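Shared between the two complexes below is chain A, which pairs with chain B and chain C, respectively.
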Partner chain A sequence: MSVAILVEKKEKFLQALEANFGAPDLLSVTEGLDFPTRRAEKWKYTRVNAISKEAWQMGAGVLDNLDSYNPFPELDAVSIYLVNGQVAYLSEELPEGLTIESEHDQEGALIRKNIFTALNYALNPISLKISAAKNQIIVKPVHIIFVNSGELTSAQTRVRLVAEQSSFLHVMESFVSADSAKKWVSHVNESDVQANAKLTISKWQALGEKGYMMTHEFSQQEVDSTYTSNVVTKNGTWTRNDSWSDLNGKNGECNLNGIYQPTGKEHVDNTTTVDHKVAHCESNELYKGVIYDASTGVFNGKVFVRPDAQLTNAFQQNSNIVMTENGTMNSKPELEIYADDVKCSHGSTTGQFDDIALFYLMARGIARENAKLMLVNAFFQEVLDEMKVKEYEESLIVH
Partner chain B sequence: MISIKNLHAEVEGNKILKGLNLEVKAGEVHAIMGPNGSGKSTLASVLAGNEAYEVTEGTVDFDGADLLDLDVDERAKEGMFLAFQYPVEIPGVSNINFLKAALNEKRAHQGLEPIKAKDFLALVQEKSELVELAGKLKNRSVNEGFSGGEKKRNEIFQMAMLDPKFAILDETDSGLDIDALKVVSHGVNSMRSTERAFLVITHYQRLLDYIVPDFVHVLYNGKIIKTGPKELALELEEKGYDWLIEETV
Partner chain C sequence: MAYEGDELLEEVTKKEYEFGFVTDIESDKIPNGLNEDVIRLISTKKDEPKWLLDWRLDAFKAWKKMTEPEWAHVNYAKPDFQSISYYSAPKQKVLLDSLDDVDPELRKTMDKLGISTEEQKRLQGVAVDFVMDSVSVATSFKEKLGELGIIFMSISEAVKEHPELVKKYIGSVVTKKDNFYAALNSAVFTDGSFCYIPKGVKCPMELSTYFRINEAGTGQFERTLLIADEGSHVSYLEGCTAPQRDENQLHAAVVELVALDDAEIKYSTVQNWYPGDATGKGGIFNFVTKRGICQKNAKISWTQVETGSAVTWKYPSCILKGDNSVGEFYSVAVTNNYQQADTGTKMIHIGKNTKSTIISKGISAGKSQNSYRGLVQINKSADNARNFSQCDSLLMTDTSGAHTFPYIEVKNHTAKVEHEATTSKIGEEQLFYCKQRGLNEEKAISMIVNGYAKDVLNKLPMEFAVEAQKLLAISLEGSVG
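Entry: the complex of A and B
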């Protein structure tokens, strides 16, 4: 496409958003930021065309029977419901040390990452801020259920997490659809993990048919802290998960785990950047996918080990099973190491289904579909063991 | 029990079985011997239903059912069992859970209720003792980290659990020491009955001292070229296969 057409396309896209969201001058907000093209390294296998061609609008912030959209109704959690990006319900009683507030903010670490993050801040001036106070162990998870509905609606949501010194917090975010209308969800997380704190954020993505979902996740960690990010892409037409994890303090641990299982023509892309800026930190990435039908999977994993980051342990693994000849997996693990005393490993495997194992199970009398399920379960079990989210295990592992 | 007529099969375009005939009646034990690459495991795989092998000609009647028309699991549910020459390691799939699923699928096929947890555990205990595997199966993935001998004993354990009517043992004795061989043979012998038949594939006459066959067949180049009584195994061990092969050519 020529530059002129691209500019025209962007203007048209922004004009619709300005009108429909009552947003300010989006052209200046996104100045210098264009739709990513496949020439950009991180967007080589993922096209944004299906999003950039539409005139998106804001959906209504209310919906009946909210409870019915909770994918984990048995979970004992502090629940929050957002409907089309607007807070619709919030548990009244919060455990001691936990605060949840709406915050007016239009600035943030990710604001200039790309056109979509810039728009996220501009289209929605309010973020949800969840904090665990110093030394507080918040035993119950906070579960945010993002329900989306309506034709061509877009939810632009932002959740900021602060785990103060020596605190513990687990936030679960579940993205679901109330209907099968085309929708676009663009979500930002910014997390501060302070000294000796442990923060886990677990995402469940189930936007289903015609669901277009992007997440942008940023974390910064201080000394002795642990940050864990889990993402299960259960279903959704198009999913792109971007994360940037900065290890800024010594003895920090960053764990990124992902499971995806696209079917039909679904597309799932996990793009991660882990930045070891200081010494004595550890990062562990484990992403596993089963690619069914004519779907596609993408994994881009970048790990930087900066000159000061001696004694870094960085581990990255992406394993895939492609079930059919029409499925595609593009996997690109990448380490950039500028320190010399480090232990780093990365691996990527993409293979077919293990037919001999399938035959073995079936030869004992297990029907084909059940045997396949057993093998897929076994494949994902390693990641589920890392995630330690019982609800995910129960939902994915069907016995 | 099973009647194989003019069976032809190929794998990746190579013709392996070239007109094999074999009839096994209930209560019988048949041994199959033959040089490496003659097609013994291919026969076992074809009977069990491995899709890597294509049957191009012939029929197999399994107690009145058209065996070749059944899916792999249906054959097992109808009472077919294959003890693999090379048992497969399946990390992440629990030995016990998988066997319970298999047993219950078979029971459902027979119109029976799922087995009670207590009864299942008792059965596991009994059958694992039979092959001296007791205690080695809990919290383990299928064959993962098992020694060669343990894998073979696990095959017999699974056979005992699933109670098939026709069992193929593909070189279950290969690589076993004498104690393990006795254990495996004892497991098999304890299951011999007038309702059940065995097809025992082996290279070694020694096994047939323990599991005494009614017939010994020689498979060569995709066909059975000789059938005899159990003494044939002794003769083969002494003289090798060349004299037989020359006879056929």
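Entry: the complex of A and C
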């Protein structure tokens, strides 16, 4: 596509957003940032055309029967409901040490990361800030349910997380649809994990048919901290999860886990960047996917070890099963290493269903379909063990 | 191989690039610059048929519209294509039948490079095509090969003597518009080797080409075309060196391999272009396109030992078109000082039951950057395709970098693709163990590195394995600090 057409396309896209969201001059906000094309290394396997061609609008912030959209009604959690990106319900009783507030913010690490993060800040100046105070262990998870509805609506949401020194916080984010209209959700997380704190974000993505989902996740960690990000892409026409994890303090640990199981013509892309900036840190990445029908999976992981980051341990694993002849899996596990005393490894496997294992089970009287299910369950179990989220396990493991 | 006494020690302490001499031979060099007239001039000098000139001009037109690729993980000042001379040939008119007839100065060069006829005799026959400043100057053992119907000559001779073969296969694997440097090569290539192995013939000796850039201010653009007809078998070696100069010289070659049904090609390279001095000044820019196509049951195996060049940008690839075809890639890439290498392979699986293996060993020392970049693509038609890739990196210093960029694209559910990579430091315990047993540090390192690279070195033909081991030792000299 020529440059002129691209510029015209971007202008048209932004004009619609300006009109529909009442947003200020988006052209200057996104100056120098363009729609990524497949020539960009990080967008080699994922196209944004389905999003960039539409005129998106803001959805209404109210909806009846909110509870019915909770994918984990049994979960004992501090619940927050957002409808089309606007806060609709917030539990009033908060455990000690936990604060949740809406905050006007126009500063963040991701504000100029790409055109979509820039738009996220411009279209929605208010972010939800959740913090755990120093030395507080927040036992109950915070569960944010993002409900989306309406034709061609777009929710631009942002959640900031702060785990103060030696605190513990688990935030779960569930993205669901109220209908099957075409919608676009663009979600930003910016997390500060302070010294000796433990923060976990778990995402459940189930936007279903015609759901276009983007997440942009940024974390920065201080000494002795642990950051864990879990992503389960249950369903959704098009999903792109981008994450940038900075290890800024010694002895930090960063864990990224993902499960995806696209069906139909769905497209799921997990792109991660782990930046080991200092010595003595560890990062673990484990992404597993089962590709059904004519769907596509993408994994693009990058581990960056800076010159001073000696004694780094970085592990990256991506395993995939392609179930049908029309499925596609693209995997790009990258290592960029500038320090010498490190242990880094990555592995990527893509294969078909293990026929011998299937035969073994069937020979023992298990029907083919059940045997297949057992094998898929076993395949995902390794990731679920890392995630340690009971609800995900219960929803994914089908008996 | 066993070294006697301090032989290795002596070799590794030889600080300078061993092949950095210039041979004083009168040469025929055209003025710097690149335009259609230069291409016409090259074509006229080579007395080429019209179709080839048109082919060159077509490539040049395409090249003018292309931009230099920037995705590789390397930094360098882009060459000024107008300040390069595109043709330099040793002034020598007569075509030679054997190395004995070669100009004494040239002979000396060959002797220094270790490809003297004596050595060949000792090694029981390796047929050599010697290319200096882009022009093939001598091909040995021509007659003996001719008896079997094997054609081994410079590509400019082949254009005259076997135009039908050249016309049919040139540009069939790497098209003239394939990429920026392949297009440039197609427009200005001056010579290279041509080889054809007839049906069912197993080539009795190793075929070898030696490339040498001699003249200052020139670029070397050679083109190798190797065709293995049905059921044939050939092992091909390629070596390269250049004088030491402060300037960066460009080497942009194209190698095309065609393995027809049931044929097997083994292509080995020991790349030792001048890497620049310890401060990163000078050295060769090595931007090469190498690709082979396998028909039914055919096999192509690339083995490379990369120790030279200031900047390397090279991905020997296999298109596994025929059913049951096999592609292999074995590589050791060593970078020292300020060298940069972005190298790897592409395995394109199209046929059914195709197999590929990738073993890549990177060694980074000094302030160098060493990247593996490889693509494994399983297309929809490639039922039961199988790939195994292993890329290991060894870091010798804390100022060097080792990077891995694998691309795995799977479009067929019956495929099995595995990739694994590790990056680690040279083991202090291993070093200590060797030193404790009386080896000095240099020797210990050379031993460990050779052990680490053994998987690949074992795949090299014997003559090259010896050279490669020495090269590894020399390249890493003084690299642990």
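Note that in this section the second predicted complex is superposed on the first by the 399 of 399 C-alpha atoms of A that agree within 3 Å, B and C clash if a C-alpha of one lies under 4 Å from a C-alpha of the other, contacts with A are read in each partner's own complex, and residues count from 1 in each chain.
What we mean here is this: contacts are C-beta pairs under 8 Å (C-beta built on N, C-alpha and C of every residue); 3 or more make two chains touch, one makes a residue touch a chain.
None of the values given here were measured: they were computed from a predicted structure.
Novice: Output check: A:Ala371 vs chain B and chain C. Expected answer is one of first, second, both, neither. What do you get?
Specialist: first
Novice: Per the overlay, which chain contacts more chain A residues, chain B or chain C?
Specialist: Touching more residues of chain A than the other partner does is C.
Novice: Could you tell me if A:Asn330 is touching chain B, chain C, both of them or neither one (first, second, both, neither)?
Specialist: second
Novice: If you stack the two complexes on chain A, which partner ends up touching A:Ile356: first (chain B), second (chain C), both, or neither?
Specialist: first
Novice: Per the contact definition in the header, classify A:Gln381: touching chain B only (first), chain C only (second), both, or neither.
Specialist: First partner only.
Novice: Quick one: is A:Lys343 in contact with chain B, with chain C, with both, or with neither? Answer first, second, both or neither.
Specialist: The answer is second: A:Lys343 touches chain C but not chain B.
Novice: In the overlaid three-chain picture, which partner chain does A:Gly22 touch, first (chain B) or second (chain C), both, or neither?
Specialist: In the superposed model, A:Gly22 contacts neither chain B nor chain C.
Novice: Where on chain A do the contacts with chain B and the contacts with chain C coincide?
Specialist: Common to the two interfaces on chain A: nothing.
Novice: Touching chain B in the complex: which residues of chain A?
Specialist: 354-357, 359-368, 370-371, 374-375, 377-379, 381-382
Novice: Where on chain C is chain A touching in the complex?
Specialist: Per the stated touch rule, the residues are 71, 73, 380, 393, 395-425.
Novice: Which residues of chain B touch chain A in their complex?
Specialist: 48-52, 71-73, 75-77, 81-82, 84, 87-88, 90-93, 98-99, 101-103, 105-106, 109, 141-142, 158, 162
Novice: Under the definition above, what is the set of chain A residues touching chain C in their complex?
Specialist: Going through chain A, the ones touching chain C are 41, 44-45, 291, 307, 310, 320, 322-325, 327-352.
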